Every structure is written in C-alpha cells, then in structure tokens.
C-alpha cells in the first residue's frame, strides 16, 4: 500500500463559494508533506477533508486506497488533525489526553500512555493534574498535540502547529512530530507559514492558491493592476518605474507568479524573447529542495527570489548589496486561477 | 465521571417515581367522590367538619374542589365532578331542566346580609332592603361586588334588579373584585365600602378578627335575602363515567338525620352558620 | 405589615410542629415538580441540543416560536390542559384531571420551552472548535452529543434552575388542573392562594417562606455541578 491518503476529483464549497478544487493528489505512507499557500488558499479545508472531519461535496478521499468519509467505519480513528486553534475540553490535562483513548475502548495503561504523550511534547508528568484553564497558550497547544500523539495515529495532520505559540513550545512541537514519524511511521501533512521549517523536514511541498494546487512554488507573486502597452503586451509598473512584461491577463486584476528557476541572475544581455529587471541583492540562501542557491533581490519595492548558477563566479556576483540584472521570459509568468 | 453518574441516577429515580405516581393516581380512584362546591361551604370549615363523618358512615373519601358556583356548575356540565353543592336556586333549576343535573335536593339555608363600616357613612343601618339599596345608589356610596358569577354574586345582582330595575354595572361607586367572599370583604374593609355576604362567611370573618371586625351587619332579615343550599347529582345519562352511586349516597347522607343534626350543631364563635332544611 | 413578621414566626411553627396540612402540601409540591422537571429535562435537553447545534430550513422560525412560548401564562396553560383532560376532552378517559399527574403534564408544558431555549443558547455558545476537536479525536455522533452537553453544563444548569423556579412557583396550572383539593392536589402555591383569599395573610407569608426554603435546597444540591466547572 503505497499511498495512505488520496484525493480524486474533489470539489468543495462553503455557502456556495468554491474553496477547493483538487483533481488528483497522493500522499505516500510514512512521508512528510508540507502545504504552503497564503491565507484563504484552502489549506485548512484540505486538511479537514483529508482528516475525514468533513465530507467532500464532490469527489472522494481515499484512506489506504479505499474510499473514506466521516463517521463511516473507524478510519477516523487512524487519521487525526491538530487544528489551528485546538480546543481543550473543560477538564484536566489527563482527561483531555485520554478522551480519544477512551472512545476507542482503551482502558489499560492509561497512565503510561499519558506520561509518554506528555514526555513527547516536552511536558512533565505532573502536568497531567492541571486543569484546562491553568495552562498557557503554548502549553495548551502541546497538550492538544499530546492528546493526538497518545493515539499513535497512522496519519497526523497539522494546521499551523507553530504559528501562535512561544518559541519553546514551537521547538517541542516540531520535535514531537518528527518523533512520531520516527517511532511509529506516522505519515505527516503539515500546513505552515514557517517556510524554512517546511523546507527543512518535508519530502515535498504542495502549493495551494485559491483552492487549487500549483505546479510551481510561489515565492514571486505579482498582483495587478496591469496596464496595456501594445496589442498583447501588458505590464506592471514597479515603484522605480521599471516594467514587468506579462501576457494578456485572463481576467481583470488577475494575479500571476513566476518560479524562481525562471528568474535568473545573469550578466549576459537579454535574448530575443527575454526581458530584464535591475535590482539589489539582499541575501543568498541554500536550500535542500532546489538545485542551486536562491538569491533575494529587491527591484523597486518588490522583493523577488531568483536563481543563479552554483559556481563561485555566480555566487560572488550575488553578494548582498550588489546591483544585478534578472532575466526572464513573459511566457514563464503564470497566471493564477481565480 | 462520578457526578455525571449521580445525575443520571437521580433522573432515573425521578422517572420511576413518576410512572409509579401515574399508576397510583389512576388506581386509587374507587371509593372516592369528587364534589364541586362553592367557596362559602369550604371557607367556613363546614366541609372539613362533615367529611370525616361522611367517610366514617359510608367508607367513601370525599374530595372537593371549591370554586365559584359558576365554575362548579360548569365542571358538572363537563362531567368532571360527580356531585354539586351550590346555592343558586334559579340557576340550579335551569340546570336540571337542561339535563345537566338530577335529583336536586335542598339541604340547608342561611341568609345574606349587607355589611359595611361601623360608622355607616350612607346611614343604611336597619333600613328595609330596597330602601337601603336605593340609598346606596343615591348617595353613591362605595359598594364592593364579587363579580365572579358565584351564587352570592348571582343573588346580589338579582337584588339590584328587583330594587332598582337595573344593575349598577358601570357606576363609579360599584366595584367588582372577581374574587371569593373573604377576599371581597377584605377589599370592602380596606376601602370603607359596603358589600353583601352570606352570614356563614361573615361569622368566619368575625372569628378571624376575634370578634371586632371593621365591618358590621347593617341590613338583614328581608325574605329576598334567603340563601338556600342544595345538592345536585351530575346526570349519569349525560356522563356515564360519573360515580352516580357514590353521589347518591352523599346526597342521601347529607339529607339524613345524622348530617342534618351535625349541620345544626356547627358553630363558629358560638354562632350558628347554617340551618338544615332537607325534606321540608 | 406585622403579618410579615407573624408569617416568619408561623413558618417556623408550622415546620417544627409538623403541621399535617403543611407537610401534605410540601410533599405534593415535591412530587409534582420532580415529575415535571424530570420530564421536561429528558425531552428538553435533546430537543434544545438539536435546535442549537444544527442548521436547517425554518430554524429561525422555530427558535422564535420557542422563545414566544416562554411567555405562556400559567392560567392559559391550565385552561388548555383542563380542556384536554376534562371528561369532555380527548384525554378524558385517562382520569388525569384533578390529579398530580395532570398538574405535572401542565407544568412540563410550562418548563419545556425554558429548557429548550436555554439549552439551545448554551449549545450555540459552545466553541465551534469543539466539534472539530471531538471529531478529530475520533468521536461518534452520539459521543459528540454527550460530550457537548457536558461541556455546556454551566448553561444547562441555568436552564434547569430557571425551569425549576418557574415550576415551583406557578399557581395557574396547579389550581386549574389540580383543583386545590386538600390532601390530594393542594400544593404550597395553591395553599398560599387559598389562604390569601381567605384573608389569612400571615399563613400565606409562612407558606411562601417555606417554598423559598425548598427552592434554596434544590439549588444547593445542584451547586456540585458548578464546582466541577
């Protein structure tokens, strides 16, 4: 069984408004997948559907390659979701952690399981006796995670697990999540704005925008308005009056994106179809997922992430503070779905 | 959770109690008789006095609902009572004619009296009834009526009609309380007004005030102030479920020697409230 | 004014002396209100939960109706129940008029809207994340129902206390449907009405104080729920 979770032909809406449209996505057993995207891109919805807490309007979610839905059979016992703002029941920490266990009929070893779960998230055993209102935000978040880890789930889905917690809690949460994968082979799907962390641990990252999966990463989002120059030439004017050339927008105020690998730092002159931009380097980064370094360049007031060659000459050219030329083609600027 | 279990348990107990009550209340109906009567027989304590004697003699438990005559008659019409004890002869005769009640039997009487403040601002003391009522109207003296369709109220209205050919319904000096006799007397006492009551209730009122009540009897003795109490059985042909055999026993016993003597002996503050007159 | 002071003394006297009529009224009141409270909670808690938890067409209209029923006068309910239980009415065969059961039915009708409306409000004010949390921990619909009710227990406590208060103190239903029959259906409230009507104000006050004492002990026993929360 290679894929533990899958989506096919999924379309979902809230109050008639479409929020997610995914034709085909697979999650391999034991993998760590990141979900990235701006607020409102559908990450939370996708996690809710995958964790079988909500039913898809159209389409199917598959668990272990069989169709799955909320409240039907016990699949929901193996997939668990840590929501963005987890709610603790009005009872003690111990009771909160064993709630899920009791539902599944676990009666023995409750104390050991609670101690293990607390240990995983970096909380001392004595925390078990505290009441729900005696915890800080970060501690509450960790207890919520502990409640889910105690179930040793096959899949653990996390929605912004480190967004609103203190640094120590964030560290503990990150550690615990990886430990679950290591100990029990738990498949992880994590939605987060913390790009560095996602880049660090994920096998792959899925980008969502307006409810759809993008083929490219979207560090470089370009928003309208667009002005028309010639027949098919449209531009966006930057603060320093430079112009970015794009093809005809599919609808007014469309947004577009260009993958960093299509935006290159280059000393050569632009070719026939190529356009250029001038900017200042603000940083250069190495990343596991991308071949070659990533260069952060500011043109006018817009920050871009560009790519460059992985040799000493190119990298030397990209010293922070240096003025560089970026080369791109209009057709590489992709329009985002509405 | 211990407390949750405790709560569930107490719920269960309450449900069991209810079902038990349902069973009990529907079961224990056999030797019980439901009497609908007026407030005067109840408030004077007469029924409390007679009921144990009745039970001892017949083994029947007497339960009674004390409301106004109007409601008592309605209960009989709805077949919700077995027997009636009221004091509105004209209404009762019509009732029998309409077939709601049978075997009307006169049991006891007392009289109505007009009472008012001892100072008697309208000066009606010892006047003839008709003259007294005319004086009240002429002087626009405050008069408190029960206004509740009870036997007493029906009598009071009939008296106004006889004396004045009209009911002072909308007059400013005529107040209607819509309540029982003692409550109405209290209102009259508070407002320094006049009212009409049966003598039995007045004696009870006197007893409550330990012999010196603020309102005293001013007009009495006129033959239209005669107050007759009768018992009627609810018609079993109209109401097959009614306990007519028990009702008959009640009617017979109340007209019988034992009860009639007991009524004669009933005293409050050494005054007699009701005079028995069954079979006369 | 002195009847109030007299009343206080008389209350103690009636209780200590073991006055049979008073104790009969107390027992009747307890029987009737426990029945009606049990029935209205059993029916009202789930109905209130459904009303508060789910969205469905006509929900607003239903909520409006329930809230309006909160203002039903007790004499009105008494009259309607009488019409049904009377021998002329559809349920006359059950012989429930002038019995404790009849009063309990009327009081349940009185208490039900209170329980439903307040339970719906308590459930509505539950954190929306509760449902998500419970499902993500693997709860079934039934477990979600029970756990949500427990989480909302403070609001439910308010509902129970409000309903109990209304039921313990009503006169209209007990009088109309019960008939205020001594030893059988005379409750504390109908006894107060009777004594007041007879001009025995001190006794009315005394009985009223006894009723307050009963209400106090009920609330005291429910306070364990508040402690846990």
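Note that the chains take the letters A, B and C in the order they are written out, and that residue 1 is the start of every chain.
In the analysis below, a contact is a pair of C-beta atoms (placed from the backbone, for glycine too) under 8 Å apart; a residue touches a chain by one contact, two chains touch by 3 or more.
All values derive from a computational prediction rather than experimental measurement.
Novice: Determine which two chains are connected by the greatest number of contacting C-beta pairs.
Specialist: B-C
Novice: Name the most central chain, where centre means the mean of Cα atoms.
Specialist: C
Novice: If you average the Cα atoms of chain A and of chain C to get two centres, how far apart are those centres in Å?
Specialist: The answer is 54 Å.
Novice: Find the geometric centre of each of chain B and chain C from their Cα atoms only, then give the gap between the two centres in Å, rounded to an integer.
Specialist: Measuring from centre to centre gives 32 Å for this pair.
Novice: Using the average of all C-alpha atoms in each chain as its centre, how far is it in Å between chain A and chain B?
Specialist: Averaging C-alpha atoms per chain gives centres 84 Å apart.
Novice: Residues of chain B touching 2+ other chains?
Specialist: none
Novice: Please name which positions on chain C make contact with chain B in the complex.
Specialist: 31, 34-35, 37-39, 41-42, 86-88, 92, 94-101, 104, 150, 179-182, 184, 196-200, 224-225, 228
Novice: If we count contacts the way the header does, which residues on chain C are in touch with chain A in the complex?
Specialist: 127, 129-130, 132-133, 135-141, 143, 147, 151, 229
Novice: Taking the touch rule as given, give the residues of chain A at its contact with chain C in the complex, in rising order.
Specialist: Going by the criterion above, the answer is residues 48, 51, 53, 70-71, 74, 76-77, 80-83, 85-87, 89-90, 99-100, 103-104, 144, 147-148, 151.
Novice: Quick one: in the complex, what on chain B touches chain C?
Specialist: Against chain C, chain B makes touches at 1, 3-4, 7, 11, 14-15, 17-18, 21-22, 25-26, 29, 34, 39, 43, 48, 63-66, 78-80, 179-180, 182-183, 185-186, 205, 208, 239, 241.
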